[in-house]
Each structure stands twice: as C-alpha cells, then as structure tokens.
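Chain IDs A, B, C and D follow the sequence of writing; residue 1 opens each chain.
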C-alpha cells in the first residue's frame, strides 16, 4: 500500500483526486491538509464523501507527514504556496505530484513574468519533470517531483504535438480557442462565477494574458526544436466541467484529413487515454473520464484540431493519478477506467 | 414626468427595475444610489445598460434627492438599511416603494423574531401598505409608503387567496413547496450560489425558518379572519430566474376542479397580471413578465395549486412598477406588457 | 465470471449500467441488444465508451443468448416490451433484472389501470421480487426475476419506510413532492425535453396520475400492513441527473428530530447505500453514486423527510447492480463505490 | 397602423417577433400562419402569450392575407418554403421581410451548392436587399423584399466590417470561432438538442460546411471589393440564447488597440444598436436586446474581435423589426429599447 497525503483538501481537484484514489487498490489516503483554522472532517468539506472517508483535515505539518510514513504527496495548493511548502517534503525524500503551476515553467524569469512574483525554489524547479505522461512518461516514472500539467495546456499540447513534432505546420500561426466549464475557476466564490452571472452566458477572459500560454509554448517549442508562439483565448461556458479547444494552424504542405488522422493514431498508439476519433468530439463524451478526445481535419486549407477533456479529471486529478501510477509501478490505467 | 430615484442600484432587482422604467413613458430615472465608495457609472455596474443610461451612482444624500425634486423612491436596500434610511425621505414627503422586508410585517415583535433585530421605525411601519395590488389596490393608490411584497409570498398568497377568503380549506393543512432560481439569492457571491455548487443540483434550504413564512401567514390570516399556519419549504433550482410553488391543502368540502377554476377566474377577474390557466404552468411561460400563472386542481381529495412567476419581475421589480402605476395614476399595466 | 446481457442498449440506464459493469471484477458484458435495424457498435451509440467496449449491438435473439451462456440479463426495455420478451429467457433458466415497470405491480389490475394495457405474463409476475435491497434483500438473493424499482419510488419508499413501518404517521397524509433532472424522461427527443423548452424552467407534470404512484403505495402499504395513499407530484428540473423528494406527513404523536433521526439510523444500520444525514441534502452530493441521502426533521408539527439520489445510478442502474451483487453472491457494494 | 402577418408562427423567432411587435405602437398583428393541420390559438403554441394575443393560427392563404389588407409579411418559414410561398405575396404588392436564408445569397449557384437545391425564384432574388441595416440601411428603406440576415453572419460581418472595408487585414486569414445557445437550432426536437445530450457539454458542429459561411463571405467580399474567405467554426453551448464570436485576423500593418477601437467607434457612430465597448463582452449583456457588442484588441500581433448578440433578437427577430422600422418610416429603435 502506498501511503499518500493531499495538501489543500478543500477544492475541486482534491475532491476528484480522493474519489479516484478511493478506488485505487494500491493506495491508502493517510492525511489531508487544509489551510482552514478548524480541522473539519473531509466529509464535511465534501458532503458527497459522507460515509466514504473518515479522515479529518489537518493543518500542514511536516513532522506528522513523516511520522505517517507518507510515500507520495499530491499538492493541490494555490501557486506560490506550493513552492513554499513542497521543498520541505522533497528534502525529506517524499515524492511529490504538484497540481499547482509552480514547477511547470522551466525558466524562472518566465514564471516571474507571468505570475508576478519571483520563483523561490530554483533547486527543485531544475529537477521537476513536466507531468504529461504521453510525452514524458519515462522521466515521470523516476521523478521525485512531477509538475502536473495545466488543464488547458493538455488539450493544446496533445492536440498539436503530432503536427509540431512532425514540423507540418507554420509555428507562428497557431490559435487555440478554448471553452471551459466553471469548475476550472476553482471553488472560491467570485462575482464572475456567481450562478446568475455566468449561467446563460458565454464570455472570453484573460485575453492575451492567460498564464497557461507560456506552458503551452514551452512544451510545443521543445517538441518543435524552435520557438512556438500561440494565440490562446479562453472562454467561460455555463457548465460544471469540460474543456473544448478548437485549434487552428496553417499547414506547411498539403495533407488530407485521413493522412493526418493516421499520423495522430500512430503518434498516440501507446497512449491509452488519448482517443483519436473520426466523429466530432463533445466534452460530454469525456465527462468524468481521463480520456482526451482528439479530432483532426483539414478545412479550407487549414488544419483544425478539436480536443475535448474533463478539466478536473484529465485536466488535473486524473492525469495526476496517471502520473502516480507511472511513478509507483502501477499499470497506467489503474483506478482510471 | 415623475422623477424617481433608486436606492441600492447594484443588485438584480435594481437592474430589472431600471429596464422596466426605461420603457415607462411617464418616468424619469433621476438618481441611483449605491453604498460603494466609488461612484461608478450605472452601466459599469450593469453592462447590459451600456448606451442606455448615462447616470452615475451616488452615495445616499437626502439633500441631493430633495434638490432633484424626486417624487418617488424605490428602495432596493437590504433589510435593516431600509428602515434606517427611508424615514428621512418619508418625512420630507417623498413617496416610497420599499422592496426590502422592513415594512412588510405589521407586528414589530414578529419582525424581531424572524429578522433577529428590533424594528426601529414603528411610526412608518404603522402606515405602510402591503403592496400586493390584487388584494390592496385601493390602499396602494393613496399610500405614501408601500411595502413591496416578497417573491415567494406572492405565489403563496395569490395561489391561496380564493380558497382562504372563501373558507374552502382547513387552515392548518397548508403546505407550500417552492422552487426558486438562483437570482433570488441576490448578487453577492457565496459558496451556495457558486456555479459549480448549485448547478446540476437541487436542494432545500431554510427549512422551517425562512423569513417569508410570517409574511405569507400574516396576509392569509387577514383574508381568513383567523390564524393561518403554513409549512413553507423553499428549494434552490439551477436556473437564473423563476419561482414555482406547489401548494397543498385539505378541502373542507368536496369541489370539482372546474368549480375551483371558475372561482379563481372570478376572484381574479379584474387582475390583469394573474392568469388562471387550465394547463400546467411552467416558470418559462412567465419569464421576464409580470404575470403570475395559477393552476388549481383537485387531486386525490386534496386541493393542489400550482403558481409560477418570474421572481425578479413579478416577484420584485415588476410588481413594484405595478404599485407605482397605481400610486401615480397610470394604467396598472404601463411598461409591464 | 458472470456473463451478462443487456437488452435495450441505446438509452441512458443502459449506458450507466455498462459504465458500472465495466468496473465490476466479476462480470463480463457478453451481449447488448437494441431494437434498431442496424447493429451499430455500442461505442457509436454511446461515444463516451469509445475504446472501452468493442461489442456491436444485436437484434434480440434468444438462441444467441443461450449459445453465449448468458447467466443474467438486464432488461432496459420500455414497459410492455419487457413482459413480451423476458419470459422467453426466464423459461430457459436465465436470471433477469428488469428495469422496466412490467413486474413491479403485483396486482395485474393495478397494472392495467395505470399502464393502459393488460398484463400478459401473470406467471412470472407472481414470482417477481421487488428489487429494493434495503427491504427485500434476502428475497432478491434467491430470485430468478427481480423487478428493479422506479427512480421516484425509491426516494419515497426509503424516505418513509421507518415512519410507516413504525406506524408513526397518519397514513393518509403523505405528500411526496419530487424534483427530477431531465434524464429521467429517457433519451427519445420530445418537445418537453428539447433544451430551450425545459432549460431555465421548472414545471410539474403527470399531476395526480404519474405511474410511480401505485408502486409507492404498494410497498408502503406492505410495510404498514394497511392501505397507504400518497399524493405524488413530480416536477421537471433543468439539470441532467438527480431526484430530490420533499416528503410531508402528519405524525401520530410527538417526536423530536433527534428521535426520528436515531430511528432512521437504526432502521438503515445495515444499508451501506442509505446515508441518514444531519445536514440538508442536495442531489449534487449523490451525483454518480448509488447513495440515497435521507434527512428527517420535525417542522411545525409535521414530519419532513428530504431524500436525494442520482436517478440513473441509485434510481436505476446502480441499484440494479446492487441487486445483481446480492443475486450472485458478491459483496453488495462491488463496483458501486 | 401597419397591418402585419407572420408566416410560420410556431417557432422561436416567430415568438420573439410577436413579443416585440406587441410593444410596437404602429403595428397591428393581423394574421399568423402555421403549417399545422389544426389551427390552434397562438397562445396555445406559445403559452407565454396567454392573455396577450387572441389570434388563432391559420393555414397559409394568399386571398385571406389580401382581404386582411396586410401591409407587411414576416416570413419565419424554413428555407425552401420561403421561396415557394413568398413570390405569391410579393407579386400582389406586399412588402416582405424574410427570415429564412432563401434570399440572402445573390448567386443562385452558391445557393444550390450550399443548400442542395436549385433556387426557384430568381426574379425576386435579384431584387432582394440584404437586411443588415448598419450597412444597407438606405436600400432597406425602399426595398420590397428584405432578406433578413443570419444570426452568426451578423456577428462576423459587423465584427469585421471596419477592418475589411478599411483593408487593414489580410483577407485570407480570417477565422470566426462562434459559440451559440441551443435556441439557434430551432424548436424541432432532435437528439442533439435533447436536454441531457447538449446540457453540460460543448461541441463543434457543421465544421467547414455551415451554411452561414457563404453569407459571411458574400458581404465581406462586397465590402473589401475582392474575395474574402473565412474559416467559420460554430459550437453548441448549453444555454438558451446568445452568440459569441471570437474573430481572428492578421493585420496588414501595425495598429494599436486604441486606434482600432476608435476606428470602430467612428464606423458605427450612427448605428444605435452596435456598441463598441472597451470591456470584454458577454452574451448575457446582450440578452433580450437588439444590441451587438463589439470589442477589438490587438493581441500577439493579431487582431482579435469579440462580438456578442442575442441570437433570437439581434440575430433574427429584433433586426427584422429594425428593418421594418426603416421600411415603414419609424424610428429605427421603435419597440427595440
């Protein structure tokens, strides 16, 4: 039994993580921390877990986690908090899957530019592996610190990887137009996520400055071997969960839809959670699954890629468990089907 | 032109009030107050009004309102604030339609019991007219202070008035099971109205202690001439607007559905905004209207009444304008069709 | 491995059944039938299953099912079709869990009255066990034919069972006011379930004549040992899934909320899927689970019970698997947590 | 009083048209046709109109319309039906606003290519004026036949007109990524618009072949004076109403956001229903209005235009009344504010 702890247990990603891990035959959830002063039962924070988990949340305490012999920590903390707390666990030898953005951007200057504060843990930043198992599965298996990828970036990166790696498109023509359900905004109430404000409405937000932009560009640039620049526009959609990304790029030479679909199928032949589909995807078909559905098509001389996922599962907690499975020698799919 | 002011301009009822009054041929919106430190343009608070209203919100100021020669004030303030501010306008002779609960409950002890604080304006409380135009239309016409009715109570009172006034039901058997859209909870973000919490979910709230209970009981008791006691259970429904009340009571003697429907039609013969319908109502059919749809049926020896309304229009701002029309001599329907 | 077949594979209950059974360690899904002329891949009917199931739907064929050595058949057919097809399987010795209404009502006259046609399989009707495991768990274990219970009735019956069995309420005062998501109406498009018609709206339907009424009354009458009569009012709510029932009854004598809650806890002490909770339930907390959450409270001299469930899981496919587990000797919770 | 008739009264655009025209001081709704065999009351087709309109729908009959001295006909028929019925009215001298697609595409070959059937009324097609009042307001004023524009095209055309007319962008780089509420799909139930299918889901549809593509290209090409080619991708969003178009293009030379916004403001200086706004639009802010909100921004060397409208009002019935007002000499805004 692998003993795990979850830091930051009150949000949606922590909830979905618990739901998945409760089904995992090789995992024991041993501790759940929360920043709240009180230490409520986890089932009080998340009533859906009533009768399924008897743990109480606790304030973060390294010694307690050590005493509990935690093997792996899932960090569900806000960015900033992760790089402040996680080093204390890493240096005691624990393995960590960090769901925040703190260890995703290799270049601390880029981090500072997009997140507005200096990175304060350059040592572990240099060791972190970007947790996209379809691209970095081997590095993840042996990593001590995995930077779990962002929800939007997974649709953009996996949606574009075959084209970018194969140098089939002009690298400065990429547009990613994404639509996300509201749970992606977290669990803290705000006017923009107040039901009567966002229900029955669609809007764009963070136009030109969403923090997932450099994450997408970093990985695609790695794949391309040269700088990739992306125009990324996220939209808020009146639904709980799901991300749908509509991706446009100009091809370098002519390809048929069939050729591209075959290319995608080959590229993802060993990726059990990437489904290359001939029909048009819908977020509903990925709901509550770890699948990402990809559809590629040539339309009016452009390449169009449609990518759909569940933002809380594939976009966060599911891929975290997929990474965990690779790190601890489980079949990649354990607890995820 | 009647010059009006709106106090508390940032919420949903104020917005709907402005939308209606902008269509009213006899009204000039002259001032809008808000508690906020800044004095934003109304169109910044409510972007849907961009290009339609150029006013800036101002801090509440009696002298400015006097200087502006305001004829009528609509109070969209939270309870407590109303009874604190409105007397200052009333004593200067302005007429007031108060959309808060402060002047609805005749008995200050009942107010204190349900609202948790003493009533601090007994003088005007004694003069206030309960603003349900189908029952108190004449008193409203000459009132200085109208206590605009609550959203739920209108469905319960108008849904039961013919039965209670006619002494056709046992007065201690009334159950009002109400379903409301989320805008009824106001515009302040809370966890319970955070989109991913209340979307795709139904729940009951304020079971046994919702503050609209004494308002329903007061008016029904007046109609009955003896004490009426109601079991009222409100539910939160994942939609923006609309209230649907399912009302149960035990009849004192046997009536057919047709007899009861005829009774309702006669009772509301002169009420242009009450529609007694043979088909089952849906809140959608009352959306963005001032209508309240009533359906009455005898089912398994009970009387069942179904009442539907738009909680922001009929339930608040629409009926406020209906009251305004009566107070200032306009046709009751002006700006409401 | 128990080999199962699903009859009527195109609807929502069949889909949820497959999702659960794909997780069941002791089950092999061996055949799925559909009435459609073509025999599409199951994953074409239900794109969410792409890559998870390779079966093709087939036309119903007894011999094929026999040849495939099917142990257990789940009937997801419309009422009427069940009693026409299932006897052919039963007489060959297969065990059957029927999710239709055909075998729920013991008295064929009651069936004829509510369903508008004569029952045509009186022999197996007499043998069928009503599949509510919390009440009839032992009979289910040995049954050949289990009549899986309706979605609404489970909330009403489990919500009232402790009161009715204990003779704590007046049996003719029961009101069940239920709110259901739209998936309960099935997968066939109709105007009433067309998105722009039912979204942003609440309505009542089948007032006084919903077919789940006699099912509720039959079981509660059995529990009471005398006739129970229920006034049941279902409502359509703009969400995918979930049923919330608000149940009212007049107590025979005075009880405190605590006494009643303790009674419920004791009554359901051995029922792993019934959660007696002190907080107010919400359908969201039962979403995609087999739990039914019950809250009991004394309010204004009435007993109020709030019951929430997922109509497709607990209300149909989850409880079907719970019954299956009992029938084939698995732990009741297998694949359901 | 202008006497008008509506052909095809059962759908959503007809309903919204009636709601607007009932407020129009210069209009009398004299006849409403429907293809249905029965001739139900309009209020039975649209219960929200109960008590507001007493007309009964009738089968289409030219002579009855002549006898009723109809001045103007609004065609809310499906494409194909319009070009079959409307010539009979036009040749009797009636003026017509056709909300179908039949008279929008000047070139009958383009019509045949996209709509799969030959155009059968070339004579009136040659006379029809495209009903986008911000561009063709003068021609509309004197037209006998106005081809009311499509919902999506208005966002694309008005969103791009200043850039295209000013030759500020590369004409082959335009991408229009649109998101629409479900009412745009009409009122006929289909699986794709069945609530549990499209709720809580986002999907793309008609990728590369949506019929609004040639309409967008025709008008933009006219404005540009040379061929414009657009990649248009519509998406279905789980809400009743609203279209949000995210438009991308490559600028020919460098402009600041401020310069472009000023250009837009100047271009639409006399267009009361086009709001050029500095904040990010949301469909909610245009809900139930005839406004189209435009936001322009330079992002990462591209021009990004965000356009929001209510698809049933601005996208169909509202702009139809705007056209009507121009045709019959009313202030353009009558009944639309």
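Simple rule for what comes next: a contact is a pair of C-beta atoms (placed from the backbone, for glycine too) under 8 Å apart; a residue touches a chain by one contact, two chains touch by 3 or more.
Given the structure is predicted, the values throughout are model-derived calculations rather than measurements.
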Chain whose average C-alpha position is farthest from chain A's own: B
Contact-richer chain pair (by C-beta pairs counted) among A-D and A-C: A-D
Centroid distance [mean C-alpha coordinates] between chain D and chain A, Å: 40
Chain centre separation in whole Å, for chain D relative to chain C (CA means): 46
Distance between chain centroids, defined by C-alpha means - chain A, chain C (Å): 36
Contacts with two or more other chains, residues of chain B listed in rising order: 181, 197, 199-200, 238-241, 282, 284, 287
Contact footprint of chain A on chain D as seen in their complex: 175, 177, 179, 181, 197, 199-205, 207-208, 229, 231, 233, 235, 237-242, 244, 246, 248, 280-284, 287, 297, 299-300, 302, 304, 306, 308
For the chain D and chain C complex, residues of the former touching the latter: 12, 181-183, 187-191, 193-200, 238-241
List of chain A residues in touch with chain C within their complex: 22-23, 47-48, 50-52, 200, 272, 275, 277, 279, 282, 284-289, 291, 293, 337
